[in-house]
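There are two complexes below, and they share chain A, which is joined by chain B in the first and by chain C in the second.
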Partner chain A sequence: MSGFLFLLLVTPLICTFLSCVLHKSKHAMSIIIFVVSSFSFLASILLIKGFLDIGEHLVAMNFLGFISMQLEPISLIFICMVTFLWSCTNLYSISYLKVNHEIIPTKFYFFLSISIFVTICIALAPNLVVTFIFYELLTIFTYPLVAHIGGDKECKSARIYLYMLMGASMLLFLPALGFLLAHIGHSDFVIGGIAKNLPVGSVTILFLFFLYGVAKSAIVPMHFWLPEAMVASFPVSAVLHAVAVVKSGIFIMLKISVYIFGLDYLRSNIFSFLDTNIVSVLCGLSLLISSVFAIYQTRIKLLLAYSTISQLSICLLAMSMFHPLAITAAILHMVSHAFGKITLFFASGYVYSSSKISDIKDFAGLGNKMKLIMAMFTMASLSIIGLPIFAGFISKAYIYYSAISQDINYFVLAVLSISILITADYFIKVIYIIYEEPKVISKKAEVNYSYKLHSSMTCAIILTFLGLTSYMFLYDHIVDLMSLVAY
Partner chain B sequence: MVKNLLILEILLPILVGCVNCLNRRSGLIYLITSLALSVVCCFSIYIAFYVFSYGDIHYYFGGWLPPVGIAFKITKLKSIFAILISSIALLNFLQGKSILFNELSDARIPGFCGVFLICVAGFLGVVSTNDFFNLYVFIEIASLTSYALVSISSNRDSFKAAFNYLVIGTIAATFILLGIGYLYSASGTLNIDDFITKMPGLVNSKLIKLGYYLLMTGLLIKSGLFPLHTWFVDSYKASSSFVLPFLGAVSSKTYILLIIILNYVVFGQDYVSNNTRINLMLIIMGAVASLIAAISALREKNLRNMLVFSSISQIGYIFIAIGLGNRVGVIVAVIFLISNIFAKASLFILTSHIFLLNKSYIIEKLDHLKERMPITVALFMINAASIIGIPVTMGFLAKMGLIVGLIQEGRFFILCLIVFSSLISLLYIWKFLEYFLYTKKGSKDIESPRFNENKVSIFVVVLLSSVNLLCGVFFEEFFVFLNNMIF
Partner chain C sequence: MMNLYYIAAFVIVLLCGIAFAYGSKIENKNPTYMAPIYLGAAISIMLTNNLLIIFMLFEIMMLSGTFMIFGGRSNLSRLAGITYFKFHILSGVLFLVGAILYYKEYKNFEFISVDLVSRLHLFHYFLLASLFINLAMPPFSSWLIEGYSATTSSGSIFLSVGVTKVAIFLLIKIFLGYRYLIYVGVFMSVYGILYALFESNIRRIINYYIISQLGVMVIATGIGLSNIEMNFIVISEIIYIALLMMIVALANSNLGKVFKVTCLIIFCAVASSLPFTPGYINKFLLYQNHFVIETIWLKYMISAISLGSAISVGIRIPALILVQKNNKKPNVVLSQKISAAVLICFTLALGIDSESILGQKIYLFGAEALKQIAIFISALLVFAILSKPLLKARSYYLPKLGFDYSILLRKIHFKRAVNLSYMQIATQLSVPRFKQNSEVIISVAIYTLMLMLLL
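So, the complex of A and B:
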């Protein structure tokens, strides 16, 4: 068991090391790093198995004998998702880096691997202080990836990225953490929560401080960094700004509600009116605003970014119901969105590297030129919308189920339905453009298209797409694992 | 034996310093001075080991027992600071050889080395003495030599700045002397331990109160708290880049250490909080200092001036921590002192080498410094992170502790100011780092060959930064150590 933990933590570090050592042969570096990184996924699967064998809710572990770590179902699911998609991204990058020469492979792999390491550490942290430390480190290590090309535009975007994330954590997250430490004395993750004796009326404010302080979850006034982060290359956007970074924000919020406050305590103490609590209202607002923003985007990456923001808000909205089923629903949606969004990013990165297209209107006619990739793009967007048989359908259905199962939460139902309609609007628009005949053939649309050149990218897209479609078999396991969480 | 080390530690540099002034061979003088400093450093380390294993050391001059004779006493806290002072002096002296010989003509070096040694002796004396009047004498020795060190520079402003420093410093010294006079007339003793035993009977004495206020005023001027900081800015801006790492890191911090000892040991927190309003004053002035100095630093385009203002801002934090008046406060203040000594010494050392190679402190001239001095920039980033308070540095521990302490005392307004000023510290440091890392549009593409970075200075800064990071990583052990050291 501790061997698997060691393997899990060491794999990204080995990749970091390899990226420094193998700088002479870039292609070999990509392939070796992909092979090594897939071991981390293996390790996380084995770790889940070991966890199930032990059969406890929280398992304290030691790394190298003195660094304490903690395993519990939410973090295991999170780690499993991150490591799988990370290895997919490494597969994807093999040919992406061959085609796009502006990316320096050593720097790319170095910071990507170390960011993944930090993300795994966030998941394994035994208390909120350690979580905070790694949360800040994640911001620092992803900064060079955002500012990778180093032009003026990238610099400005990366600056906003850093200021927003760090500013929010300094202004809100750290004081909230300090409040917790000052009143309780520790910040360990404990079953049922530790925040029982807080001053009256401070619970709501404290929770809101956390909600907005963890700006990586991109709730609306704190979301500006995410569209800015899209200046990064496609693999980075795919694995970090659709999966690791943003999902670690959601993950921390889930941990805070389950293990710091405790769901029952939150349900009875968060300020609410008409059976709807304030957190739901704020997340719902965030969801609607970001969905509306997404309609007006003309560049594919920005569209995907705003769609990510709205889908993250759905996770938070599900969480804001504060009962066990809702937490499971949030986790399910987190995973399903990760698979869907990474497929979309991979596919549009494929388009970009073969023809440098980034505007949505230039996608016209691509449906006939690169049939396989566009078919998968289409199905991934259908999954994000939430159409049946795809992953998004299952998770959204589960959110509906959790909203109805206790006392019916009309607010969540209404907001979620509206958002699905808006999401359908902007994604179907894109799909329509893809399959329509181009009216004017722009110069950019000269597609340099060959399977041979992009084979690893195609493989990676197929892999994540398989994850997307096999979610109906997978989600059962996630629900089973989540049933082990003690509230 | 070990008792004699206590006085040898101070006599040796004074004697060597005086002999230095008679000699004319600058190379030899440099060698002798570094030898003397390393001997002093070894002495202080040995003394600290002794103190930590066997308890406080007392030394009575000429065998005259206190309260009649003059006594030295070194406790755990003081011994650590003696190590810091002597080791920073030694490291600064070793790394700065190229700067020293570059800035000063050969004829001035013997005198300079002599003054430097006497200054180190003065600060060590301030730390180790246990007698009020002796304290004043050592403060004067340290101050007079500091004025001289500031004035010895190739910069023309340095004379004016040193004169300003002299005038204000003398006023402060007069306050200190007056205060000591009142304390003596009220208590009838100059020995600090004796004074502590007589203190309970003198709580209501007006003279004690007056003496306390005068002493504090003098020390506050010397340590550069906000409205009294102008000398600090002028003299540090003008001083030679060789002495700045030592003066900037050590001088005002020693006086702050004295204030901590006065407030928490000599007068005791009971007296300070019940009979005076100094705590409130320190908190308010500290908060204003941290905010205003941060804003001034934000407007600076000169690297060194920015660091000087950031020092003032950090001093503001330390005084807030001192003003908290509880256990958390004193621990946080000490962490702040130590982290500041490490971080500021390294930053000033790096800055002086940046100036030596680039011939400028101005931000635009330092464009894309990463290409020219990669290791320097990397080390600069680590220490800047400590100043901002980013995790896994000592600066983060200090900031976290300060926030917890402020919340425990219920001072939420000050908390807001602190959080904002730490956000501004991110902005002003990042402004420079961005120039270091990336090319700006306006600047020409200068041919940027890689400079030959000074190996000794890199080694010294690596040493200081690794201590900083180690304390940040193993923070639990560090807290245990501090608790053992202070209480």
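So, the complex of A and C:
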């Protein structure tokens, strides 16, 4: 068991080491890193198996004898998702880096691997202070990836990225953490929560401080860093700004509500009116505002970014119901959205690297030229909308189910339904343009059209797409694992 | 047992439609590939009782229907496809919420018919709203009018028998005998007839006729005919609406004289529900019902609807086809002729030998037959008097009812990003429509009036 943990933590570190050592043969480096990184996924699967054998809710572990770590179902699911999609991204990068010469492979792999290492550490942290430290480290290590190309625009965006995330965590997350430590004395993750005797009325304010302080979860006033971060290259956007970074924000919020406050305590103490608590209202507003923003976007990356913000708000909305089924629904949606969004990013990265297209209006006619990739793009967007047999349907149906399971939560039902309609609106626009016959091909696109088959990219897209379609067999296991969580 | 008749009807239409599309040399054949999926999902809905599976099948129908409309291969058809997609997403969401609320109530997705007399549950309202969108109730009818006329002719044959008929099937299953449906049905059929009267495009007229016929079926559901009678009405509707669509599609090609006259006579008889056609049986079943006999306004309303559809569709479309100038039409292909003939045979068989399905006596020469013939003759007289304005009628006499829920979002969008080609087309289509604020106001006013009447 501790061997698997060692393997899990060491593989990203080996990858960082390899990226420094093998800088002379770039192609070999990317292949070797892909092979090594896939061991981390293996390790996380074996870790889940070991966890099930022990049969406890919270398992304390030691790494190298003195660093304490903690395993529980939510973090195991999170680690499994991140490591799988990270190895997919490494597969994707093999030919992406071959085609796009502006990216420096050593720098790229070094910071990507170390970010993944930090993300895994966030998942394994035993208390909120350690979580906070790794949270800050994740911001710092992803900064070079955003400012990778080093132009003026990139540096400016990266600065905004750093200021937003650091500022929010310093001004809101840290004071809230200090308040918690001052009143309780420790911040360990304990079954049922530790915050029991807080001053009356402070629970709502403290929770809102956490909600906005963890700006990585991109709730609307704190979301500006995510569209700015889209200046990074496609694999980085795919694995970090659709999966690892933003999902670690959601993950920390879930941990705080389950293991710091405790669901029952939150349910009875958060300020609410008409059976709807203030957190639901804020998340719902964030969801609607970001969905409407997404309609305006003309660049594919920005559209995907705003879509990510709205889908993250759906996770938070599900969490804000504060009962066990809703937490499971939030986890399910977190995973399903990760698969869908990474497929979309990979497919649009494929289009970018073959023809340097990034405007949606230049996508016209691609449906007939890259049939396989565009079919997967279409199906992934149908999954994000939430149509049956795809992953998005299962998670959204589960959120609906959890919204009515005890008392019917009309607010969540209404907001979720409206958001599905708006999502359908902006994705059908893209699908329409893809299958349109181009009237006038813009000059830029005409010059650069070259539809070579980039095999490793195609393989990676197929892999994530399989995750998308096989989710109906997968989600049962996630629900089983989540049923082990004690609330 | 009744489900088997439904399946038979769908299969007949599917085979005839494929045979019809096979002959066409001009049109895109993509809708034909989608049709088995579309009608297969429709057939599967007949075989299941599980609300969640029905929802999934509805979504499959939605996707395949969207691609069928995209098969029209023009920008108009793509926009119509998007409208279709959006409306069905809306109805799908409502259906899913209804199904989940049902699950909460009964701990099971298997549908058991609930007594409607006591009170409606919450899930009933969601299911009803979803089915109303699938039935193209007027403010939500733009997907039907634009979608069915934007696709290829064979595509419109498949589409016309699909989602609306399935929705009626579910309406019968869930809401049989819910009296308030009568008012909705009357509104739908009057709307369809009025708009068909002021429309010049033949394909759009027949779409409005579909809406008015759906209205008649909703009336019948509200009255509460027996289950077998209701299902007979829907099955005959599936067959003969497909026939009417096919005849309208054939009007674009050069038919032989005899065949053309036969087709037009059949069209006239079926659409104005003369005896020996299934339309007559439907009217007969309505006239025979106790509730209709007792409620005088409804009796006259049904006669008026019959008169209206005879004028606006039954006589007007053949007249419009005959008035058309015959220049350079492609010759009709044998397979198209055969498929039309097969459908004519089935339609007449349903009209003549309906007793074997219904198991009750139908009077083909009784008072009702005389009434229908009298209605038809008066319709002929009205048409003869008003033939000039009726043949030259244009659609701009009436405000267009029907709105897109995303219209507000689009209006904001125009100012920001006009460069998208999708948006340019959207501008052409929906801005003139948006200027008519009256349409929204009228529909809201009608609904408030109806609500006030009900309360």
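Some points to look at:
Methods note: the second predicted complex is superposed on the first by the 479 of 487 C-alpha atoms of A that agree within 3 Å, B and C clash if a C-alpha of one lies under 4 Å from a C-alpha of the other, contacts with A are read in each partner's own complex, and residues count from 1 in each chain.
Operating definition for what follows: a residue touches a chain if its C-beta (ideal position, glycine included) is under 8 Å from a C-beta of that chain, and two chains touch if they have at least 3 such contacts.
On a predicted model such as this, the values are computed, not experimentally measured, just so you know.
In the superposition on chain A, no contact is made by A:V190 with either chain B or chain C.
Using the contact criterion defined above for the overlaid structures, shared-chain residue A:I385 touches chain C, although it does not reach chain B. Judged by the touch definition given at the top, the superposed model places A:I408 against chain C, while chain B stays out of reach. When the two structures are aligned on the shared chain, A:L484 is found in touch with neither chain B nor chain C. More chain A residues lie in contact with C than with the other chain of the pair chain B and chain C. Of the two partner chains, neither chain B nor chain C is touched by A:V59.
Applying the stated contact rule after C-alpha superposition, one finds that A:A424 touches chain C and leaves chain B untouched. Contact with neither chain B nor chain C is seen for A:A375 once the two complexes are overlaid on the shared chain. No residue of chain A touches both chain B in one complex and chain C in the other. Taken together, the chain C residues at the contact with chain A in this complex read 55-56, 59-60, 63, 70, 75, 78, 81-82, 85-86, 89-90, 93-94, 96-97, 100-101, 103-104, 122, 405-406, 409, 412-413, 416-417, 419-422.
Only residues 129, 132-134, 136-137, 140, 147, 150, 152, 155, 159, 162-163, 166-167, 170-171, 174-175, 177-179, 181-183 of chain A touch chain B when the two sit together in their complex.
Against chain A, the residues of chain B that register as touching in their complex are 385, 389-392, 396, 399-400, 403-408, 415, 419-420, 422-423, 426-427, 430, 434, 437-441. Within the complex formed with chain C, the chain A residues making contact are 292, 295-298, 360-361, 364, 382, 385, 387-389, 397, 400-401, 404-405, 408, 413, 417, 420-422, 424-425, 428-429, 432-433, 435-436, 439.
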